[in-house]
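Take a look at the structures listed below.
Two complexes are shown next, each including chain A; its partner changes from chain B in the first to chain C in the second.
This part shows the complex of A and B:
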């Protein structure tokens, strides 16, 4: 009945997609875990990254591979500016105000993009490597998804290494555990927050460059990716940065399986994510209660 | 700081409601007398403001318990689809679609609320957003013969004024239609205000505030947070469901992306924050202010006029976290305190940064 190669293909696609998801979600987890800010605008950083890559390609013919190195610092800067100009001031405000602020930032970014690029999907066309693929037995693997998986995985593991081994990473973990304690031993908490938020935006931006090559993004994909990242972060447990990698695998494979195996399932992709968020949240709340 | 005692002397809320009714009764004729032909479009703007006020005041009722709902687009869409489906499949009077839209929205709130209201604020917000998106997906994938799928459905207008040649001009048909809709929306707002005032005057108001301030403490004090929040959620959904139904008739169609638009949720939360949270007056003031701003922005931009809402939201949170009504109220109280209590006002001023919510 169900073709085993189809299942295997879905599994491979799911694993490859998980890399990008992990990259985007780990930034959100970083903002939540270290700063304690639930950033509803996170997916918009991703979207802005995608459209920067698109614009660099259209205006200057810059290959997305090169754009990776241009967009990343740009998004880091945007993240730092947004932190310094807005987020900083609501750190002690009620949670409702924090959520509303980032929601507002998301609306601004999305609608700015709509003003600049309009609502139609944009494609980076005419790149030779976009169509290259490998055939391994019955399974086909595209070069671009494979490359995005490898890059994402390297970045996520790099972040884990940074958090575990470097002084900056230790500072972030210290601040996350106890901001007053961290301040007492001489850490500049505000600065650590700034770096963490910039890093979070930077990672999302890199993910955006890759999605610009994989798909044809519209300015509204940000919200979808915010929700996807939330789904993953929620599955991992809020603030659990290490769990993101496994949660991404679980969620991406679930999405891929539904898209491939359920009739007309491709259009249900987003519904899978929302269903996962919903079920996991409700299940957790029951277990706690 | 004794609002209960103050209210007994002058019932400002009831007076305000009477004023609202009086103004609403005369607005269409006044606009017609002042602007003649142009009154048709002014009436449309007034209808948009009323619609926004219903949405915002309804959203605020739940916000009073400290919950951030991102599901109000779902209630709006549920109301719109209910009336559209009834028109299409049932031989019932058209007007029944409006209360039915409210009922269906309340049922959705009951379902969603009983599943998610145990969650803490942030998880609740995410879960409600996910729920709204699932409903949108369902509307997209509904069989075309049943609910129109991607193409949506047509909805008949509530009012079809007939043109009488010789007795009236062409534009007066549009005026009569808008006038009728105006009274329906005004009625909906009056109903919502009544519910809001009843809540504010009842003991529930204190339960809401207690839950918002500290849910655990509220539980210890004998409030049942889960039940109270569920009640607030259902009341909050009712008006929005009916609004969705009326809007479906006025717009003439339901579409998945339009009926379940994230923009509806955005409007529902930006307006009360701008006007002033946890009050009856705040969301209405916010709706009047924002619909004027929106009108200006919409005339300037096609795409992305929502950017104005984002900016208003961010600026309000940063500089005016108590909204227009709260900020003005503060200024008023400080001036009214006068000389004898000058010492206390200075105390208030020093406390302010921490105490703002």
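This part shows the complex of A and C:
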């Protein structure tokens, strides 16, 4: 007999987890959709954001709620620098070269983190709100997951608004649709790419701060979230930024339900998202055929 | 002519022998310096480096400075295998130390058999004792003359943990475990022993560790444990699981009497985290262990590295290298048979106290067993030893 409380708790946990998934995925979708590059170092931006939040707490006692406003622009700047110094030179190169470059960047960032912070899991220790949960009947809603969901939702919706309503957003959409056409009408394509890549890194940085609160950052923490982000971006459709929110909800709720309702279900989380990718790709290919 | 050639060869052989003697003994170390288990690997490196400094200050091994070559396994079986073969074929070492991760150790078994150096191993705890149809490291190479296992086997860990759990007076235990060669067999053994002690185990549930690709969302497994209302939550996972797991237990309002964790190490800053309060854990060494050996090791470690040895693998690594140095010096040679005889007969120093190799259930040479383990409890930011009673620095307190 399935306990209805567990099912309801799984639903709530899944919805709240979707916020963070969406935040991490939307940055990746932005890089793929606008610049056309699959950024394998995306998870490492996320990891660097987590370590920056940790360091600001350890060195200056800055709470992650505040450091969010420092880490995000810092990651945006790092993203811009990485774009200007490496990515822009391979945009016309074969896709394999682009992937190798971003994969290499990821390894460099991981090893830099290892040099600076070591391999031990790091903990932002003095925050009491990490463990707070609100009881609503038999259901518990964690303060941090709730806050990360609200922030993520606001950022993702803000990004949608920016893409639809601002000149920069419209430029990004134009470049995404037709790079040459956009250049012909006077858009500075390279500048648009730089802004899009910086924005992608900035969003990853915000996700990193959240993860620094939720768990203990290590140099390899980015990989698990990169995999989730790829799954979500595939489900949403490569480059479909608008579909990311719904795909995140779908993946997160499916994972949470399987983890709760199946014995030892937590170990099937990765199987769930790979199964989703498989089904979606097969379904899409049949639809095209 | 023949005499001249013979003399020349003899001279060359003597020069080669002299050069080898001057170079001294080199021990090959395998440990995860990078990757998700790098914290433990770095702790091992610190222990090895401290021991190396002390050994060479005391005259070295066979009259020459001892050397170590450390290779990074990344806690990855394929990388570990390549690192071991490099030590054997390129570095030509005859002695292997270090070790972490049962998965890496299992991958190395066949290669160990091929090269057969002396392997004195401080990681890789998985044994098949109590698990039908499964051969662990103990069954696969425990009876080899050249294999010496320093770290307790997983059933030793579970025996110690179960003895503590029984001493808490708990009636029911919810078991959460990570799902690899570390947590899977360990939790099966734990369930059998806990039930054998007369307690009930209403739940044994697996999760994916953050070390092995999990995102750190353990709410589903914790919600199931909370639904059982067990007195004690017992979890087996890795260091990086500590914060998300303990904070999510509080967040979901699961309030067991005791929370007991068995990761290989604990995050350094976790002691100061509010969710650490009352969490208990198994550990092989703590700087506040009330013995002169522990105090001496802690003082030397602090002087060299500027921090306390908060991962017990640094103490095991220290014991590991000193045992090699003492055994080879006692043998007076690097001949494998002579060194094995000294390792079998000797008593060695360690920060935990004197130790020696004895047979285990299947293995021929087992260093530490159940007696290594201490249970600590986070109490107001300090890890107090609460079990066994004779080593306790504070009484155990309930989380409720």
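One rule holds for everything that comes next: the second predicted complex is superposed on the first by the 266 of 289 C-alpha atoms of A that agree within 3 Å, B and C clash if a C-alpha of one lies under 4 Å from a C-alpha of the other, contacts with A are read in each partner's own complex, and residues count from 1 in each chain.
We take it that contacts are C-beta pairs under 8 Å (C-beta built on N, C-alpha and C of every residue); 3 or more make two chains touch, one makes a residue touch a chain.
Computed from a predicted model, the values in this text were never measured in an experiment.
Peer 1: Is A:227 touching the first partner chain B, the second partner chain C, both, or neither of them?
Peer 2: After superposing on A, A:227 lies in contact with both chain B and chain C.
Peer 1: Give one of first, second, both or neither to describe whether A:263 is in contact with chain B, with chain C, with both, or with none.
Peer 2: second
Peer 1: Just checking: does A:10 make contact with chain B only, chain C only, both, or neither of them? Give me first, second, both or neither.
Peer 2: The second partner, chain C, only.
Peer 1: With the two complexes superposed on chain A, say which partner A:77 touches: chain B (first), chain C (second), both, or neither.
Peer 2: neither
Peer 1: After lining up the shared chain so the two structures overlap, which partner does A:119 touch, if you call chain B first and chain C second: first, second, both or neither?
Peer 2: both
Peer 1: Touching A:216, do we find chain B (first), chain C (second), both, or neither?
Peer 2: In the superposed model, A:216 contacts chain C only, not chain B.
Peer 1: Looking at A:111 after the superposition, I want to know if it touches chain B, chain C, both of them or none. Which is it: first, second, both, neither?
Peer 2: So A:111 meets both chain B and chain C here.
Peer 1: Is A:189 in contact with chain B, with chain C, with both, or with neither (first, second, both, neither)?
Peer 2: Neither: A:189 stays clear of chain B and chain C.
Peer 1: Pick one for A:62: touches chain B only (first), chain C only (second), both, or neither.
Peer 2: Neither chain B nor chain C is touched by A:62.
Peer 1: Touching chain B in one complex and chain C in the other: list those residues of chain A.
Peer 2: Correct list for chain A: 111, 114, 118-119, 223, 227, 264, 267, 270.
Peer 1: How about chain C: which of its residues touch chain A in the complex?
Peer 2: It is residues 32-39, 41-42, 179, 205-208, 210, 213-221, 223-224, 227, 239-240, 242-244, 246-248, 250-253, 265, 267-275 of chain C that touch chain A.
Peer 1: Report the residues of chain A in contact with chain C in the complex, numbered from low to high.
Peer 2: Per the stated touch rule, the residues are 3, 5-6, 9-10, 13, 17, 58, 111, 114, 118-128, 130-133, 135, 140, 142-145, 211, 214-216, 218-221, 223-225, 227-228, 256, 259-260, 263-267, 269-270.
Peer 1: Okay, in this complex, where on chain A does chain B touch?
Peer 2: 38, 86, 89-90, 93-97, 99-101, 103-115, 118-119, 223, 227, 230-231, 234, 238, 264, 267-268, 270-271, 273-275, 277-278, 281-282, 284-286, 289
Peer 1: Would you mind writing out the residues of chain B in touch with chain A in their complex?
Peer 2: 63, 66, 68, 115-116, 118-119, 121-123, 125-127, 129-131, 133-134, 137-138, 140-141, 262, 266, 269-270, 273, 301, 303-307, 309-314, 317-318, 321, 356-357
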